[in-house]
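Here come two complexes built around subunit A, the first alongside subunit B, the second alongside subunit C.
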Partner chain A sequence: MNPAFLCIAVVCGIGLSFISARSSPKGWIIGTFLSASAGIWLAGIAFLGKHALEWKSAFTVGGQTLHCVLDPLAAWFLVLLCTVGSAGALYSLSYWSENKHPRSAISARRWWTLLTASMGLLLISANGLQFLFAWEVFALAAYFLVTTDRQKRDVRQAGYLYLGASHAATLILFAFFAGIAVHTGTWDLNHLAGHAELAPLFWMALVGFGIKAGIFPLHVWLPSAHANAPSHVSAIMSGVCIKMGIFGLLRFSQWMPVPPQAGWVILTLGVVSSIAGVAFALGQHDLKRLLAYHSVENIGIILLGIGFAFISKANGHAAWGQIAMAGALLHVWNHGLFKSLLFLGAGSVIQACKTRIMSRMGGLWKKMPLTTVFFAIGAAAISGLPPLNGFVSEWLVYLGMLDALTGHGIVAGTAVIPIVALAITGALALACFAKVCGIVFLGAARSEAASNAGESPRSMLTAMAIPAMLCAIIGACPTVFWPLVAPTLSAFNPAWETPIQPESLSTLGSIHLGLWAAAACLGFVMLFSLIRSKRIRRSITWDCGYAQPSVRMQYTAASFASILTSWFFWLLHTVRHEIPPHGPFPAQATVEEHTPETVLEHMVQPVANGILRLSSATRRLQHGRVQSYILYLIIGIIGIALVVGWANPNREQPQNHSSSPYQTVSPQKTDSSISSQPCI
Partner chain B sequence: MQTIVHSILHIGFWLLVPPLLPGVINKVKAWVAGRRGPPLFLLYYDLARLLRKHVVMSETASPGFILAPVIGWTALGLATAFIPFGSAGALICFKGDFILFIYLLALSRFCTVWAAMETGSAFEGMGSAREVGFAVLAEAALITALLSLCVQSGSLSMEAILSPSAGTGTLLLAAGLFTILLSENCRVPFDDPNTHLELTMIHEVMVLDHSGPPLAIILHGASVKLMLFSVLLVQAVLPVGTQSPAVSMALLLGGTAVVTLAIGATESLMARFAFNRVPLLLTTAFLLCLFALLAAWRGGVA
Partner chain C sequence: MNSMLNNLIALAIGLNLIALGTSRIPSLIRAMSVQGVILGIMPVLMDHHLDWRVIAIAVATVGVKGVAIPHMLNRAMRSANIDRDMEPLIGYVPSLLLGAAGTIAVMVLSRYLPLLPHHSGSLLVPGALASVLTGFILLIGRTKAISQVCGYLILENGIYLFGLLLLESTPLMVEAGILLDLTVAVFVIGIIVDRIQREFDSLDTRKLTALRE
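Coming up: the complex of A and B.
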C-alpha cells in the first residue's frame, strides 16, 4: 500500500480520536485502532523496504522545513507505541469511564491521543526544532495524564516532580540541539555523521535522554509518577514513554559520532540501574511503585546490551555487539509488553481492592482468575523465565556478552561483571515477583475489599490479553522477529550489513515450544486424572498443628523481602519502626519497614534546597529603592557594552571564524526568513 | 535412530536413577552413626505410594497448587537435556544453552515458590523468602563457575565446556560447585532435610501442604536436581567427555558416587548453620568460583 495513503490514515485516525473523545468513546477507540494499525503497516514498509521512508515539506513552518524520516530504528519503536497505545486505550474504556470519573474521563482520552500522536511525531522527526516540539508536547501530555486524578495531593506532587525532571531534560536537550545547530548551521539532523566535533555533545544527550529513560540515579521522578498515574497511563509511561529516552540515545548515536568512552559509561549505568532498580523494587510495598522500579531495572538491562553495541562499534564492529544490540532492541519491545501488561493487571487489582498496598490484598485468584493468569504470565516474563519473551531478549544480551568474553578481545575481561550482574538481577527480579504474586494473588484475602473483589470487565481483560499473547508468541517464535531486528541493526550501524541470526535462536524457539507443550500436557494429565478419580480433598492450611490459622498470620510483602532488603541496606536506607513485645503475655507489638526514595531525599533534595536558598537570596535585589534600580540599569548597560565589544572583532572577519556561533547561525536565519516569505 | 535410542536412554536414566541418591546419602549417614538406616530404595516405595494417594489441598489454594509442581518438574526434566552424559554428549546442545539451563532451574524455583505461597501459610512464606533470597547468591556463583569453564574451554555450550577438565582452578571450582550443590539442594549446612521444626527449614517447609501425586513429583524433582548438580560437578572437574565411552561412563558413575558419599559425610559431620551465616558461606562459594575464573583466565592468557 502507498505510504502516503497510510499516513493519511494515521492522521485521519488521530483526528477521529480527537473529535470523538468527548461524544463517543467508541469513535475514539476506532480512531486509535485505525491510526495504530496504519502506523504498524507503515513500520512494516520501513522494515522490509530498501530505503527509509523520508518526507520533507515543500513549505516551512517558523522558518523550518519539516523533515520526517521513518527508518527501521524509528519503526521499531513505532510498533511498540502502536501496540501499547491501543491496548491501553482499550483498557481505559471501562477503567477510566465517564461513570467512574465524570470529571476527567474525556480529558484523559484527549491527552492520550495527543501523547501517542506526539510520540509518533518524535520518532520520525529529523529536524531539531521539530524534535524538541514533539518532545515538549509529549512531556506535557504525559504530565496532564499523570495528574488526571489531580484532586489528590500525592498526585499533584508526583506531577510537579515529573514536570520538573522532564523540563530539566528538555533544557539539556535544547542545549544539545542548539549545539548541533551551531556546529552545522542548520537544525536539520540528517547529515551529522561527518562532524566528528559533535561527539562531546553526546554526554548532554545521555543526561537529557537518561532522565526520560529513568536511568539510575536520574530516575527520581519515575516511581511516584508511575505510581500516582491512572494505570493505563502508567502502562504507556513505563512501556513506551521511557523508551523514548532509549530511542533518543540510539537515534543520536546512529546519526552522530559518539565519544569512544560512551559504551563503557552506558555499560556502567546499565549495571548500576539494573541492580539498584531491582533492589529498590524489593523494598516497596506499593504495587505500582514496585513495578515502576522494575522499569529502572529493565532499562538497565537494555543499557547493558546497548553498551556492548557501542563498545563493539568503537572497536571494529565486532559481531558480538550486534547480538547484544539485538537483545537490547528485543528487550525494548518485551519490556514494553510485559510491563504494560503488569501495570494493566495492577490497575484491575487496585481498582478491585481500592488500595495500592500489597499487604492489604491477597487471595485474589478466586475473584479475578483471568487477571491472575495474565499477571502471572507478565511476572514470569519480567523475571526472564523461559519459555516467555523476557528470556529470549535477556538470552541474546547474554550471548553477546559471552561472545565478547570468549573472544579475548578488548572487553573480554570486563564482560564478566555485567554477566554476573545480569544473573543477579534475574534472580532478584524472580524473588520480587514471587513476592508480588504470592502476596497479591495467592493465599487468603487480607482485607474486606480484597475478599469482595470482582473480575474486571471484558474490555479490560482483552486489553491485558493482547500483550500477554504477544509475550507468549515472542517467546515461542523468536525467529519470526529476526527479519525485523536485522534491518534495525543495520540501520543503527551500517557496518553490520546483514546481521546473521544466531543459529541457536531457532533451537531456543523450538525448546520453548516443547516446554509449553510438555508443561500443558503433563499439567492436564495430572489435573484431569486427579479430578476424574475424585482424589482431591479440601482442608485448612497446615500451620504446625494450629487449627485456626487467620489471614493475618500470612507472610507479608515486607517480611518476604526482608532477607534481600537487609543485604541492600547500604543502598536502600530502609527505615524500621519497631515496638518489640514485652513481658510473658505481650499485649502489643508491631514492626513496620519502609524504604524511602533514597536518591531523591539524600541526593536531589539537598541540591534543590540549595538552589531554592540561592534564588531567595537574589530576591533581596528587589527592594523598591529607585537609586539602586538605576545602578542595576547602568551595570546592565555596561555589561551589554562589554559583550558587544568582545563579540565585535569577530564580525569584521567572517571567513576566518566559521565556527563562531554568530556567524554560522545568522546566514541560516536570513535564508529561512527569505524562504518563508512566499508562503505568507 | 541413534538419537531416538539416546533420548530413550536419557529419559529412562533421569526417571529411574535419581531417587537412588537420597537413599545412598541416608545409608552413609546411618553407617557413620552406627545405625542400620532406611532401605536404599525407600524413595522409590514412597513415590509409588504417593502416586496412588489422594490429594489434600488447602482451602486457599488454586489449581496452580497442583500445576506449579508439574511445570517445575518439566523444567527440571528439560534442564537435564543439556547435561552431557560422558562422551555420549548432551541430548540438546547449542551455543549459550547453559544460560537456558540456569533459567530453567529458576523457573522450577518460581513454580515451587508459587505453590508454596498458594497456601497462605506463614511457614511456607518463610521458606519461600529464604529460597529466593539464597538463590540470588547461588545463581551468581553458579554462573561464575560456568563462566570459568567457558573461559577455560573457549566455547559456549554446556557439552563443550564440561568435556575437558577445569584446568588450573579445578580445586577451587570443585569446592565452589560443591557448596552450590549443597545450597541448591537444601542439604546440611544450609538446610536439614531431616529436621521436623518448620521454622528452620527451607525446601521441606515449602512443600508442607503438598500430598499425593504432586508431592511425588516434587520429591522426584528434588532428586533429579541433586543428580543434576552431582553430574555437573563431576563433569566440570574431570575430563569425562574426552575419554572413551567405557572409561567416561565409569568416571561419571564413580564420580557421582563419590559426590553422593561426600554429601552424606558432610551431613554426618556437620550441623546446620545459623541462617545469618548462610549468605557468608554462599559468598565464599561465589568467591571460590570467581578465583577459579581468574585462574582459568590466567591459564588462557599465558
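Coming up: the complex of A and C.
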C-alpha cells in the first residue's frame, strides 16, 4: 500500500479520536485502532523496504522545513507505541469511564491521543526544533495524564516532580540541539556523521534522555509518577514513554559520532540501574511503585545490551555487539509488553481492592482468575523465565556478553561483571515477583475489599490479553521477529550489513515451542482427568494446620522480602520500627518497614533546598529602599563598563581599524559611524 | 577662554564637595543653585561665536536652575518644616572623602578616554563625571527626599556639563526639552514630597519601604 495513503489514515485516525473523545468513546477507540494499525503497516514498510521513508515539507514552519524520517529504528519503537497505545486505550474504556470518573474521563482520552500522536511525531522527527516540539508536547501530555486524578495531594506532588524532572531533561536537550545547530549551521539532523567535533555533545544527550528513561540516579521522578497515575497511563509511561529516552540515545548515536568511552559509561549505568532498580523494588509495599522500580531495572538490562553494542562499534564492529544490541532492542519490545500487561493487571487488582498496598490484598486468584493468569504471564516474563519473551531477550544479551568474554582484550576481561550483574538481577526479579504473586493472588484476603473483589469487565481483560498473547508469541517463535531486528541493527550501525541470526535462536525457539506444547498437553490431560474424576472441590487455602487460622498469620510483603532487603541495606536505608515480643506470653509485638526514596531524599532534595535558600536570599536585595536600588544601578553600570572595556581593549585607538571584526563587513559604514561621534 | 572655563568647572567641582559635606539643607540647595548658574553661563564663554541660540540656552538654564527650582525646593522645605538631613546613610565626612576620591579618580580616568584633541585639555569631562558621581553619592547616602532631589539635580548638572561638549551639534529643541523635563521632574517630586510628608509625617524615604509589595 502507498505510504502516503497510510500516513493519511494515521492522521485521520488521530483526528477521529480527538473529535469523538467527548461524544463517543467507541469512535475514539476506532480512531485509535485505525491510526495504530496504519502505523504498524508503515513500520512494516520501513522494515522490509530498501530505503527509509523520508518526507521533507515544501513549505516552512517558523523558518524550519519539516523533516520526517521513518527508518527501521524509528519503526521498531513505532510498533511498540501502536501496540501499547491501543491496548491501553481499550483498557481505559471501562477502567476510566465516565461513570467512574465523570470529571476526567474525557480529558484523559484527549490527552491520551495527544500523547501517542506526539510520541509518533517524535519518532519520525529529523529536525532539531521539530523533535523538541514533539518532545515538549509529549512531556506535557504525559504530565496531564499522570495528574488525571489531581484531587489527591500525592498525585499533584508526583505531577510536580515529574514536570520538574521532565523540564530539566528538556532544558538539557535544548542545549544539546542548540549545540548541534551551532556546529552545523542548521537544525536539520541529517548528515551529522561527518562532524567528529559533535561527539562530546553525546554526554548531554545521555543526561537529557537518561532522565526520561529513568536510568538509576536520574530516576527520581519515575516511581511516584508511575504509582500515582491511572494504571493505563502507568502502562504507557512505563511501556513506551521511558523508551523514548532509549530511542533518543540510539537515534543520536546512530546519526552522530559518539565519544569512545560512551559504551563503558552506558554499561556501568546499566549495571547500576539493573541491580539498584530491583533492590528498590524488593523494598516496596506499594504494588505500582514496585512495578515502577522494575522499569528502572529493565532499562538497566536494555542499557547493558546497548553498552556492549557501543563498545563493539568502537572496537571494530565485533559480532557480539550486534547480538547484545538485538537483545536490547528485543527487550525494548518485551519490557514494553510485559510491563504494560503488569500495570494493566495491577490496575484491575487495585480497582478491586481499592488500595495499592499489597499487604491489604491476598487471595485474589479465586476472585479474579483471568486477571491472575495474565498477571502471572507478565510476572513470569519479567522474571526472565522460559518459555516467555523476557527470557529470549535477556538470553540474547547474555549471548552477546558471553561471546565478548571469549574474545580478546579489555572487553573480555570486564564482560564478567555485567554477566554476573544480569544474573543477580534476574534472580532478584524472580524473588520479587514471587513476593508479588504470593502476597496479592495467593493466601487469604487480608481486607474487606479484597474478599469482595470480582473479575474485571471484558474490555479490560481483552486489553490485557493483547500484550499477554504477544509475550507468549515472541517467546515461542523468536525467529519470526529476526527479519525485523536485522534491518534495525543495520540501520543503527551500517557496518553490520546483514546481521546473521545466531543459530541457537532457532534452537531456543523450538525448545520454547516444545515447552508450550508440553504445557498445553499437560494442562489438557489434568483438566480432563479432573473433570472425569469429579474431584474438584472448593475449600479454604491451606492453613498450616492451625486450629484457628487468621489472615494476619500470613506472610506480609515486607516479611517476605525482609532478608533480601537487609542485604541491600547499604543502598535502601530501609527504616525499621520494631517492638519485639517479650516473655513467654508476648502481649503486643509489631514490626514495620519503610524504604525511603534514597536518591530523592538524600541527593536531590538537599540540592534543591540549597537552591531554594539561595534564591530566597536574593529576595533580600529587594527591600524597597531607593538609595540601595541606585547603588545597584551604579554597580551594574560599572560592571557593564568593565565588561565592555575587557572585551574591546582596542577601543582606545579607534584609528586601529585592522583589528576590528566589523571592518570586513562594511568598512564604509564603520568609518562614518565613528567619525560622526564627536567624542568617546 | 579655555582657562576661564576650567576655573568655572573647578568652582563647580568645589561646590560638589560643599554639597557633599553640608548637613544643612538650605546650603545644599544653595550649592546646587550656584552650580546651576555657573553652568548656565558656561556656554556663553565657550570659544565659538555667539548666536541667539546659545544665549537663549544660557538664560533659560540660569532661570530654571538658578531661580525657579531652588525656589520650589525652598518652599517645599519650609512647608515640610525641616532644614537638616539628620540621619544620612553615608555620613558627611565619609561622603566628602568618597567624593574627593572619586573626583581624583575621574581626573585620572579621563586621561585615558579617547577624546577629541581639542577637548583633551579641558576639565569638562572630569568635571561632568565628578558631578554625576556626587549626584549618585547624594542619592545613595541621604535619606530626606529634598536632599535626594538635590542629588538628582547635581547629577543632571553633570550630564549637562557633558552635553556642553556636544553644544555645536545638539539642537536647541533638545536642550529646551531637557530643561522642561527637569522642571517637570522637580515639580512632580515636589508633589511627592508633599504626599510623603502628609502620609508618614516625615520626609524620610526609608519609610517608603513600608510600601513594598
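A few points about this structure:
Just so we're on the same page, the second predicted complex is superposed on the first by the 599 of 680 C-alpha atoms of A that agree within 3 Å, B and C clash if a C-alpha of one lies under 4 Å from a C-alpha of the other, contacts with A are read in each partner's own complex, and residues count from 1 in each chain.
Simple rule for what comes next: contacts are C-beta pairs under 8 Å (C-beta built on N, C-alpha and C of every residue); 3 or more make two chains touch, one makes a residue touch a chain.
Predicted model, so just to flag it, every value in this text is computed and none were measured.
Counting residues of subunit A touched by each partner, subunit B versus subunit C, the larger count belongs to B.
Look at A:A434: by the touch rule set out above, it reaches subunit B but stays clear of subunit C.
In the superposed pair of complexes, A:L530 makes contact with subunit B only, with no contact to subunit C.
Once the two complexes are laid over each other on the shared chain, residue contacts for A:I634 go to subunit C alone; subunit B is not touched. Of the two partner chains, subunit B is the only one touched by A:A518; subunit C is not. Contacts of A:G624 after superposition: subunit C is touched, whereas subunit B is not reached. Subunit A has no residue lying at the interface with subunit B in one structure and with subunit C in the other.
Every residue of subunit A that touches subunit B in the complex is listed here, in rising order: 362-363, 365-366, 369, 372, 376, 380, 383-386, 391, 395, 398-399, 402-403, 405-406, 408, 413, 416, 419-420, 423-424, 426-428, 430-431, 433-435, 437-439, 442-444, 502-504, 507-508, 511, 514-515, 518-519, 522-523, 526-527, 529-530, 535-544, 549, 551, 553-555, 559-564, 567.
Within the complex formed with subunit C, the subunit A residues making contact are 622-628, 630-631, 634, 651-654, 678-680. Per the touch definition, subunit C reaches subunit A in the complex via residues 89, 112-116, 119, 125, 136, 139-143, 148, 165-166, 168-169, 205-206, 208-212. Taken together, the subunit B residues at the contact with subunit A in this complex read 53-64, 66-67, 70-71, 73-75, 77-78, 92, 94-97, 99-100, 102-104, 106-107, 109-110, 113-114, 116-126, 128-130, 132-136, 139-140, 143-144, 147, 150-151, 154-156, 198, 208-209, 212-214, 217, 279, 293, 297, 300.
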